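This is the structure, below, for whatever I ask next.
By written order: A, B, C and D. Residues from 1 in each chain.
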Amino acid sequence: MKIRYGMVGGGENSFIGSVHRQAAALDGEYELVCGAFASDAVRSQHSGLSLGLSAERSYADFTTMVQQEALLPADQRMQCVVIVTPNHLHLPAAKLALQHGFHVLSDKPATFDLAECRALAEIVRKTGLLYGLTHPYVAYPMVQQARTLVAQGRLGTVHKIVVEYIQGWLSSPLENSGHKQASWRVDPARAGNSCCMGDIGVHAFNLAEFVSGLEVTQLRGELNRIVAGRQLDDDGVVSMHFNNNARGVLLASQISTGEENNIRLRIYGEKAGLDWQQMEPNSLWLRPNNQPAELFRTGTAYVGEAARWHTRVPAGHPEGYIEAFANIYRAFAGQIRAHASGHNPVQQAPGIKEALRGMAFIETVVDSASRDGWLPFPAV
Amino acid sequence: MKIRYGMVGGGENSFIGSVHRQAAALDGEYELVCGAFASDAVRSQHSGLSLGLSAERSYADFTTMVQQEALLPADQRMQCVVIVTPNHLHLPAAKLALQHGFHVLSDKPATFDLAECRALAEIVRKTGLLYGLTHPYVAYPMVQQARTLVAQGRLGTVHKIVVEYIQGWLSSPLENSGHKQASWRVDPARAGNSCCMGDIGVHAFNLAEFVSGLEVTQLRGELNRIVAGRQLDDDGVVSMHFNNNARGVLLASQISTGEENNIRLRIYGEKAGLDWQQMEPNSLWLRPNNQPAELFRTGTAYVGEAARWHTRVPAGHPEGYIEAFANIYRAFAGQIRAHASGHNPVQQAPGIKEALRGMAFIETVVDSASRDGWLPFPAV
Amino acid sequence: MKIRYGMVGGGENSFIGSVHRQAAALDGEYELVCGAFASDAVRSQHSGLSLGLSAERSYADFTTMVQQEALLPADQRMQCVVIVTPNHLHLPAAKLALQHGFHVLSDKPATFDLAECRALAEIVRKTGLLYGLTHPYVAYPMVQQARTLVAQGRLGTVHKIVVEYIQGWLSSPLENSGHKQASWRVDPARAGNSCCMGDIGVHAFNLAEFVSGLEVTQLRGELNRIVAGRQLDDDGVVSMHFNNNARGVLLASQISTGEENNIRLRIYGEKAGLDWQQMEPNSLWLRPNNQPAELFRTGTAYVGEAARWHTRVPAGHPEGYIEAFANIYRAFAGQIRAHASGHNPVQQAPGIKEALRGMAFIETVVDSASRDGWLPFPAV
Amino acid sequence: MKIRYGMVGGGENSFIGSVHRQAAALDGEYELVCGAFASDAVRSQHSGLSLGLSAERSYADFTTMVQQEALLPADQRMQCVVIVTPNHLHLPAAKLALQHGFHVLSDKPATFDLAECRALAEIVRKTGLLYGLTHPYVAYPMVQQARTLVAQGRLGTVHKIVVEYIQGWLSSPLENSGHKQASWRVDPARAGNSCCMGDIGVHAFNLAEFVSGLEVTQLRGELNRIVAGRQLDDDGVVSMHFNNNARGVLLASQISTGEENNIRLRIYGEKAGLDWQQMEPNSLWLRPNNQPAELFRTGTAYVGEAARWHTRVPAGHPEGYIEAFANIYRAFAGQIRAHASGHNPVQQAPGIKEALRGMAFIETVVDSASRDGWLPFPAV
C-alpha cells in the first residue's frame, strides 16, 4: 500500500514542489492524493487538476484541506502533509496538520524563527506524530559513507571542519524584476531574518554536524549584503567551535557569480581528511596522512551499510539530487510504516532535532553578526 | 491518466527491472498494472505481489499475460509492454505483444540477432504500433546538447570520433560462481553471438551515431576473450568509417579492472572538439581551436531546447542515470499519447531504426572480427 | 653575461635553498658564485664545495661573505644576495647586503616583524638598490592571466574574494621529533609572531591583492593552535574588506591532514567569477553569469601578454612550481640589467611594497586575533 | 665539474632546443660549450652568440663542430652532443659525434628509419660510448611509480593496455602557411615515412612498454590522412599483442581539434587498473578491484625509490614537463660520470634499445597499415 500524501504549496512553476513529487514517486512508496498548492484558490485547483487530482481534493487552501481530509475514511485520507511553502507558512501548516493527526514532512528551514520551532517541537512531542525535514544533501550515499568513516575512526579526532554552500544566482537583484524564487527569499516578512543563511547556510550547518557527529557549541557570524538594496544577507561566513573543541568555518554565498550549487564539506582529523562535493556527489575522498588518498564511490561493494541503503544502481551509474531527495522520502515512508506497526524504522529522515538546531543556527548567526562577537549555541 | 504498462522479466534481484520501474515512476506518467517477471511462475507471482500487483495480474508467463490482458476492458488493460529479459526472449515477447495490440518498450540489444530484428521491424511496420528501445545514455541532457552543438555547426565538419564504453566487472570469471547477471551475458544461447559488443559496445555505437548525426558505412572489429574459458568476447575495438568520410574508433571492454561504467564520447571537427563522459554526465566540453574551452552544464539558461526538455532541476543539482532513463520513458509516454490522439510527439525515444542499426553493428563487428577485415555496414 | 649571486642559508637538506638554485639555473641567467649556507661554518663550507664553489667563496658566515665579496673586482664579485634563512635573519642579512652595494632577493616573509620591514624599506630607499621577494605563486602563467582578466573588466566590479592556503604537514607535532623545517616555523624566536599566517597565509594574501588589483583596508583574524603545545598559530581564518568595498575570506591551515599545498583563489564579480588552484596551475576558470564557463590554459595562443611572458612551453606541457619560481628570478634578472643600464624592466618581481603589505598583514591578523575584533590595515 | 655539451640544431625559435637547454640547466649538471644550431652558418652563429657562446664555438655546421671540438684539450672540449634537428639529420650527426669520441643524447625518433637505427646501434656498440634518447614522458615521477606498481605485482597479470597521444595542432594545414614545426613533420624527406606515429605515436609506444615491462610481439596499424593533401599520416590507431598475451590499443592523433598534448596510459591487470595522464602528471590512479581507488602523488613519502629519484620538490608543488625532461638529462649525466669512473649509473636514460624498438614500431605500423593486416614486431 502506498502512503497517501497531500501537499501544501508547490504548485505549477514551483521548482521545489516538483522535486518533492518526483522524490515521492521514484520508489513507488507514495501517492499524491490531495493538495493546496497555492495561496490563490483558483491557481491551487488548476495545479491539482494538472497533477491528476480530482477537483474536490484540489483544495482552495490548506485549512480546508486538513479539515476535509480529516473527515475522510481512514483508508482514503492522506497520511502525511508535505509542506513546500515560503518559510512564514511552515509553522501554521505543520501545526494544523499535526493537530488533525497527520504526519508532516517539511521543507527547510523548519519555521520562521526559533521560537516558532520550539512551539512546533512541543506540538510534535504532544501529538506523538512524525515530523521530517528535507535536508536532502545528507541523503547522498557518499555523505552517508562519510559519516560512517568518521564514526569508524578513520579520521581520528576531528580537528577542523570547512563547509561551504556557494551559489551565484542572486548576484544581481532578480527580485526587482519579479523573479518569484528570489522575491520571497529576500523578503523578511516571508523568509525570516536571513536570506543566505536561512536558505542555504542551514544546509551546510546540518551537513557538517551530520557527518562529523559533532555539535556546534559557539559561533560567530558575519553577514554581508552585497547587492545594493537588500535587507537580508546574501553572503556570509561563520566561525564555529564544536563540542570536541574542533574548529570550523562555514561559507555561504548566493552572490558568487558563476557558481551553481556548490556544496562542499571538508573534515580534517588527526589521521585523515575527507572531502565531498555535491556537484560530483558519487565520489568521496579520504586522505590519510602519508598514504595515497582513497576515492570511495557510490554503488561499490566496499561501502558501508548506510551508503548501500541510500543507493539504487551499481557503481558508475550516477545518482543525483532527486535520488538523494527520494532517500529522505523513502526513510520517512519507513518511519510512517514503523509508526503504524510499532516497530523501529531502519532509517530516520532528519527530524525535529535537526529543525531546532537549524533554526538555532540561523538565529544565532544573525544575532552574532549584529553584535559582531561570539555567541553560545542555544540549548534546544 | 497514467499509462498502464506490464513488464516481462525484471523480477526481484534484477538490476535493470528495478531501474525501468523507477524510470517509469519518476514523472508520474506510468502505472505498473501487470507483469510476468520471471521464467518461473512462482517467482513471477512473488515478484508481482511484492510490487503491489494483484495475484491475478502477476502472471505465470508472458504468453498468458498478453492473452489475458488483451481480454480486459480497454481502459483497464495494459497499454504497453516493457521487456527486460535476457536477449533471446526479446523477439518472442515483443512479437506477441505487438500482435495483440500492445506498444513495446524494450531493453537493448533489440533482439538475438539481426535477422530477428528485421522480422521485428516488419511486425512493427505492419501493426503500426510503437516500438521504443532503452538506450538511456542518449537521453542525458548534455548528450542532447552535444547533438545540438554538432547540428549547429559548432564543430564544423566532423573528422574523428572516439567512443569508449569501459567496465571492469567481468575481469574475473564471475559466471563460474553463479553470478546471474554475468551468466547469461557470456552464454551464446541467451546473449547472442557477442557479450561485450552486444551488451555495451552497442550503446557506444548508438551514442556516436546519435550525437554526430552520422552513420557508419564500414567497420573492422577486433574481439578479445581475455578471461579464459569464455566463448564470447569480453573486450574489443572497432574501427569505423562514417558517411561523411570521418574516421572513428570504438573501444569496449568488460575486463578493465577498476572501471565502473566509463562511457566517453569525443568528437573532433575542423573547428572544435567535444568531450562527454557518462560518469560526470552534467558536464560537456566544447574545445574550439585556439580559444578557451567551454563547459556546458545541465540546467543552465544557455543550453538548447533539447537539453532543456531532458532536464528536471536547476544547474548544480546533479541529474543521474535514472533521470536519463526516465527521459526515455517520458518521451515514449508522449509518443503513446500522440499515437492515440493522432498528433506528432515532441520527442522520440530510440526506436526500430536504432534497433536495426544496433543489431547490424553487433553482427558486423562479429563477422568482421572472425574474418579479420573490413566489412560494409549492412543496409537496414 | 650571467648575473652572479651569493646565497645566505639554503645549505644541504634545505628544501627552499635547492628550489632557489634550480629557479636561478633554469633560464641560464644566473651563476652561483658564493654562499654562507649555514649558521655553522663547517657545514656552510661543506655545502659550498658540494655545490661546486671554491673553498674561499664558501664563507663561514654572511658577514664575512658580504665583506669579502665587496673587496672583489666589480666583474667578479656577486651582484645580488639571495636570502633563504629562517625569518629572524632576513633583516640583518638584507641590511648588510644592501649597505655593501648588493641587490637583495629574499624569501618571504620579508622580515621578523613589521617594524623591521619599515626599517628595511628605508634602507632600500636610501641605497637605491633592488629588493625582490619570492612570492612564486603570482608568477604562474594562469595567475598572471587571472590578473589580466580582472584588469580587462571581465568580472566587472569585484564583490567577493575567497582565498585558501591549506596544508596538512603540521597536523602532528613534527617539531618534537627534530624535524628541521617544522622546528623553526613554530618557534617565536625564529619565525616571528605567527607560524601559519607568516608562513603561508601571507602568500594567500599576496595572491588575492595581486590578482584583484585591490587592497585590504580592514580585517579580522582568528588564529587557532590546533596541535597541543604550540605557541604559534597553525590554522586560522581572516575576514577582509577591500578598498572597493568587496568582502573577502582567507583560510590558512597547516593541520588539515591529507592536504598537500592547496592554494586556491576565487574572485567573484558582478559579471563573472574566476577560480584558480595551484595544484593544477595551468588551468584557470572564468565563469560568466549565464554562459558556459571558459577554461584558460597555459601556453595557448589566446592568453594575454603577461601570461605569455611567464610561459616556457606550448600548451599541454605542464609548467610547475619551479618554473613559477624561476619567473621571479627571470623578472629580477631583468630588473638588475635594467638597473645597470638605466632602462625600465619589462617585468617586476614582488618587491618592497609587497614586503611591507605582507608584514602588515601578518601583524594585523595577529593583533586582531588577540583582540577578537576588526582592525584597520596599517598604511605602509 | 659540470658536463660540457654541444648542441646540433635547436637554434633561436626552436621549441625543442630551448627545452633541452632548460632541462640541461635545471640541476646545474651541464654547461653548454658549443653548438651548430642551424643549417645556415650565419643563423647558427647568431644563435650561439645570443646563448652566450663565443664566436669560435658557434660553429657553422656540425661536421666542423665535431672536428674542431675533437682538437681541443680534453678538459675543454665538449663531452657529449645533443641532437635536436629534424629526423633525417639524426643519424649523420650521431654517427659523426660517436666516431669522434663524443657521447650522444638525441631527440626522438632516433633515426630516419629502422635500417639507419640498426647502423647506429652498431656504431654505439663498437665505440662503447653512451647513447641517450629523450623520451621525457617516462621520466615523470608518477610514470616511474606506475612502473614500480606493475613490477610490485599490484596489478597482477596485465590483460589490457590502452595508450593515447592526442593533439589537435595539425587539424588545419599549417604547413601551407610556412609553419616551421609543421612543415618538416609532414615532409617525407625530413620526417621519414610517418608524421603522427613517428612524432608522437612512438612516445606512446615507449610509455606503454616502459610502464608495463612488456614488449609488443605483433601489431596492426591503421593510418589516416585526415587533412587533405598530406602525404603522411596525421592520425592513426594500432592494435597490439604483448609478450604475455595481453592486448593493447594505441591511439595517436594530431588532428583532434582542441586537444593540447593529451597523453594517457591505462593498464588493466587481473587485480587492478592504473591510469596516468600527462596533463596532470603528478597524479597516478591505482584502481583495485572492489576497493577504493588510490591516488598516488608526486613528492609524497609513500612512493617508491624510482619516483623519489625523479622528484625535486615536496608534494603539492607541481612538477612539469621541463622537470621530466631534466630527469633524462640528470640520468644521462650520471651515466657519463659512471662511464668515466667505471661505475654503474644509478639511473638509465632511454637508450639504444628504446631507439631500436621505437624505429621498429614506426616502421611496422606503416607497413602493417599499407598491407591492412597484422605483422610480427621485428627482432631488434
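Note that contacts are C-beta pairs under 8 Å (C-beta built on N, C-alpha and C of every residue); 3 or more make two chains touch, one makes a residue touch a chain.
Since we're looking at a predicted model, the values are computed, not measured.
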item	value
B-C or A-C - the one linked by more C-beta pairs in contact	A-C
Taking each chain's C-alpha mean as its centre, the one farthest from chain A	D
Separation of chain A from chain C, taking each centre as the mean of its C-alpha atoms, in whole Å	43
Whole-Å gap separating chain A and chain B, where each centre is the average of the chain's CA atoms	35
Separation of chain B from chain C, taking each centre as the mean of its C-alpha atoms, in whole Å	55
Set of chain C residues in contact with two or more other chains	259, 286, 293, 297, 300
Residues of chain D touching chain A in the complex	286, 290-297, 300-302
Interface residues, chain D side, partner chain C - complex	1-2, 15, 18-19, 21-22, 25-28, 32, 51-52, 167, 259-262, 278-282, 297, 299-300, 312-323
Chain A contact footprint on chain C (complex, rising order)	155, 159-160, 162, 168, 171-172, 222, 224, 226, 235, 237, 239, 247, 249, 251, 253, 255-259, 266, 268-273, 285-289, 293, 372-374
